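Two complexes come next, and they have one chain in common, chain A, joined by chain B in the first and chain C in the second.
== the complex of A and B ==
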């Protein structure tokens, strides 16, 4: 009866995967149409409008506004942490290249490390090539406009994100003894990487950030804007006690970029 | 026009030719690099032995960030293959990793043939038979093995 009422009769011999995928594609398309991969510089007024009737968030926006100049939004496609991280750090290197030689060396060595951990050389190379091309262009001091165009090219940007995901996966597996304590759901670190790290559009958590900052030697401050009672955002530095290179804003399920 | 997906598919094809894995083959169709035909040979010492199963692989511009759609064109009797030939395999859905290439996809499907996952059945009859009546299951598989030889391009879905 219930099935008849809803107008849907489940047929166990039918393949519903395609329909589910099609629905998912529609949602993704809507997000793609409405949000750019990385936005231009924005004032915090956009956040104020988003949370008009919400006093908790209004207070926290005020707190952020007192400590940061402006922000930049990233597309809410599940890759936002990686996308924001890549953009913010490369932009940081464009302005201040003192860390560039160290970073470049870590980045170029990372391929052999991944291969030695058992990642397939053939496909790793494909992503690593693009990853290094982008980094080299930043090293060659391309203009901000060129960089913005490069990083918001979907193909290049996605390849960059994939490679960052692979670096996280590699680091988690290399430091398995440590990270196994933080993996939920009785999964092995390898299973966690297969399910939550390597596939595109999987959202990032504390564990991803810890691994990425450790693997690349880059420091991040995350400002947490959530429903908590306080008038101020909590902040967390990765790794603890470091001086941050880049600043990210976290709202439940999403990361954007902050500029002090 | 060269896009990341197309460039990568050319690389996948080159690798498949230079370093072909045992028991699988695949190539782009004549006029479209985004659609491939492939063949998986049934693994030795399994009920699928001697089968030559044909498949199509359809890629989108989001490959390799998103998995392609893979379907058996040859008739298949398997717990994880739907009546329309599409395949229920985690790496082709929620566990896809951009590190997989065509070679990895085809060898994974080849392994799936003899290592079905009865917990996510796409064909309930096959799944039940596989668990409860192996002899009958193997007989049914034998039929699709023989049918795979006489495949003459009939795309009609039964």
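== the complex of A and C ==
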């Protein structure tokens, strides 16, 4: 019936899968081609050209420029917060390893915690292994180039992101009594984790950042560049009042990395 | 198999581990990768005991995307079962409002348990679902024990007999089914009806001989080796084009002719699989014929009556 309506005639000798898939692949490929998982160091001129006719953003870029030296972009695939967080923090550890032993301890213990919370051991172990491999390489002082290559390998990078998502999910469920007050849409914390935290490409919100920083003991400052009237970006430290290890730039729906 | 794939790829490592973990058949399920393609697996599951599928043994394929476990596997049932269309990809998602939410921490085992638990649920007209009567499903369940897979042979005796130990697995399957939903992939070009067309196509190809199956297996292994970078794509002989594949499209190696040949040897139940609506179509035409005969009869009678009446009236005048 639908065929008649749309004037479409089914030809059983043809294979339409190819056309549909080709189109979908093209779109995905475009994003992949145009945006690397994590970019090289960039100057803020990139942002300035992006918002050429936008005075509000021009003022805010000027503000950021006065306080930060440069930036790094991440791919806008919904995983950007986790991707940016992982890259910025590991890069931080490469330069300054004073926090490394503490972080490694937390990271290796996290697997047992997740399993005790009821996560499936078999798959958790798989993600944790890759997660620890990356951390160990950073601990062994690999060069910046090696690190960049490792972290921009899609397979490894995605595994790293999955495990960060699992850590957030675990922390939210462990502290359910507290976080249930912040879950929207009448969902339980568990449902929220299944729908908004664990699946890939789900964007991160305040609640994700709060949970990740608390679970790993890492401090972040986020600069919010939005449509607000002020000439300056609002900043927020996670947790409140801490001295930040890493700096992220937020634009509506996206996170990038900042360097002071 | 190891040499064929990059061991640096997390997907390959993960699938190797899963294959190892799932090597031994359990009472409810058994699943293993094909010898020549780590991204295509074949499974055998037992129909849930407290359902129309009790006693049934069902076989099918699992196609893994190249970026598994970031993207979900698709499942294709091969044994006629009366719940899911055969030779049609069914995808797995969380039910209800969030259909794309596959979680990377799920595994092939999760997907299998979910489909076992999902079998007794009502199809409710979802794409890829069939609503056969309990009687028809029971007949198919019985027949399923003799069903043969061109790759795995007889599947009726793969699973060890059921003991008390199965209760826990069954419970787990039920819980998963409440969380996960299956449906056929949405036809993106708006041609739903073609799936039935494809199905009848496949059941009309009745040639089943040793030579065709041999030809099939060679072409299959050939396509599997030529295409290791996109392994899922090399073997995507889904009958219905409407089930647009999520795996990066079928390549030139899978021509329509090849598809038809591949289907032939496994289609053992054309009769059983000929769906209800074929039979109901016959009843409908019979009804129509009787109705028309009656209508014509009535008209003739009326004509006669009118003619007679006039004659009568004329006489009176």
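Assorted remarks:
The criterion applied here is as follows: the second predicted complex is superposed on the first by the 232 of 260 C-alpha atoms of A that agree within 3 Å, B and C clash if a C-alpha of one lies under 4 Å from a C-alpha of the other, contacts with A are read in each partner's own complex, and residues count from 1 in each chain.
The working rule: a residue touches a chain if its C-beta (ideal position, glycine included) is under 8 Å from a C-beta of that chain, and two chains touch if they have at least 3 such contacts.
Everything quoted here is computed from the prediction, not taken from an experiment.
In the superposed model, A:32 makes contact with neither chain B nor chain C. In the superposition on chain A, A:119 makes contact with both chain B and chain C.
In the superposed model, A:159 makes contact with both chain B and chain C. In the overlay built on the shared chain, the residue A:127 is in contact with chain B and with chain C.
In the superposition on chain A, the chain among chain B and chain C reaching more residues of chain A is C. Of the two partner chains, neither chain B nor chain C is touched by A:43.
Of the two partner chains, chain C is the only one touched by A:22; chain B is not. When the two complexes are superposed on chain A, the residues of chain A that touch both chain B and chain C are 12-15, 17-18, 119-120, 122-124, 126-127, 130, 155-156, 158-159, 162, 166, 194-195, 198-200.
Chain A makes touch with chain B in their complex at residues 12-15, 17-18, 119-120, 122-124, 126-127, 130, 155-156, 158-159, 162, 165-166, 194-195, 198-200. By the touch criterion given at the top, residues 3-5, 8, 11, 15, 62, 64-66, 82-84, 86, 88, 93-101, 104, 122-124 of chain B touch chain A in their complex.
Note for the complex: chain A touches chain C at residues 1-3, 5-6, 8, 10, 12-18, 20-22, 25, 119-120, 122-124, 126-127, 130, 153-156, 158-159, 162, 166, 194-195, 198-200, 202. Within the complex formed with chain A, the chain C residues making contact are 8-11, 13-14, 17-18, 21, 67, 69-70, 94, 98, 100-107, 109-110, 179, 188-194, 197-198, 201, 236, 238, 241, 244-245, 247-250, 254, 256.
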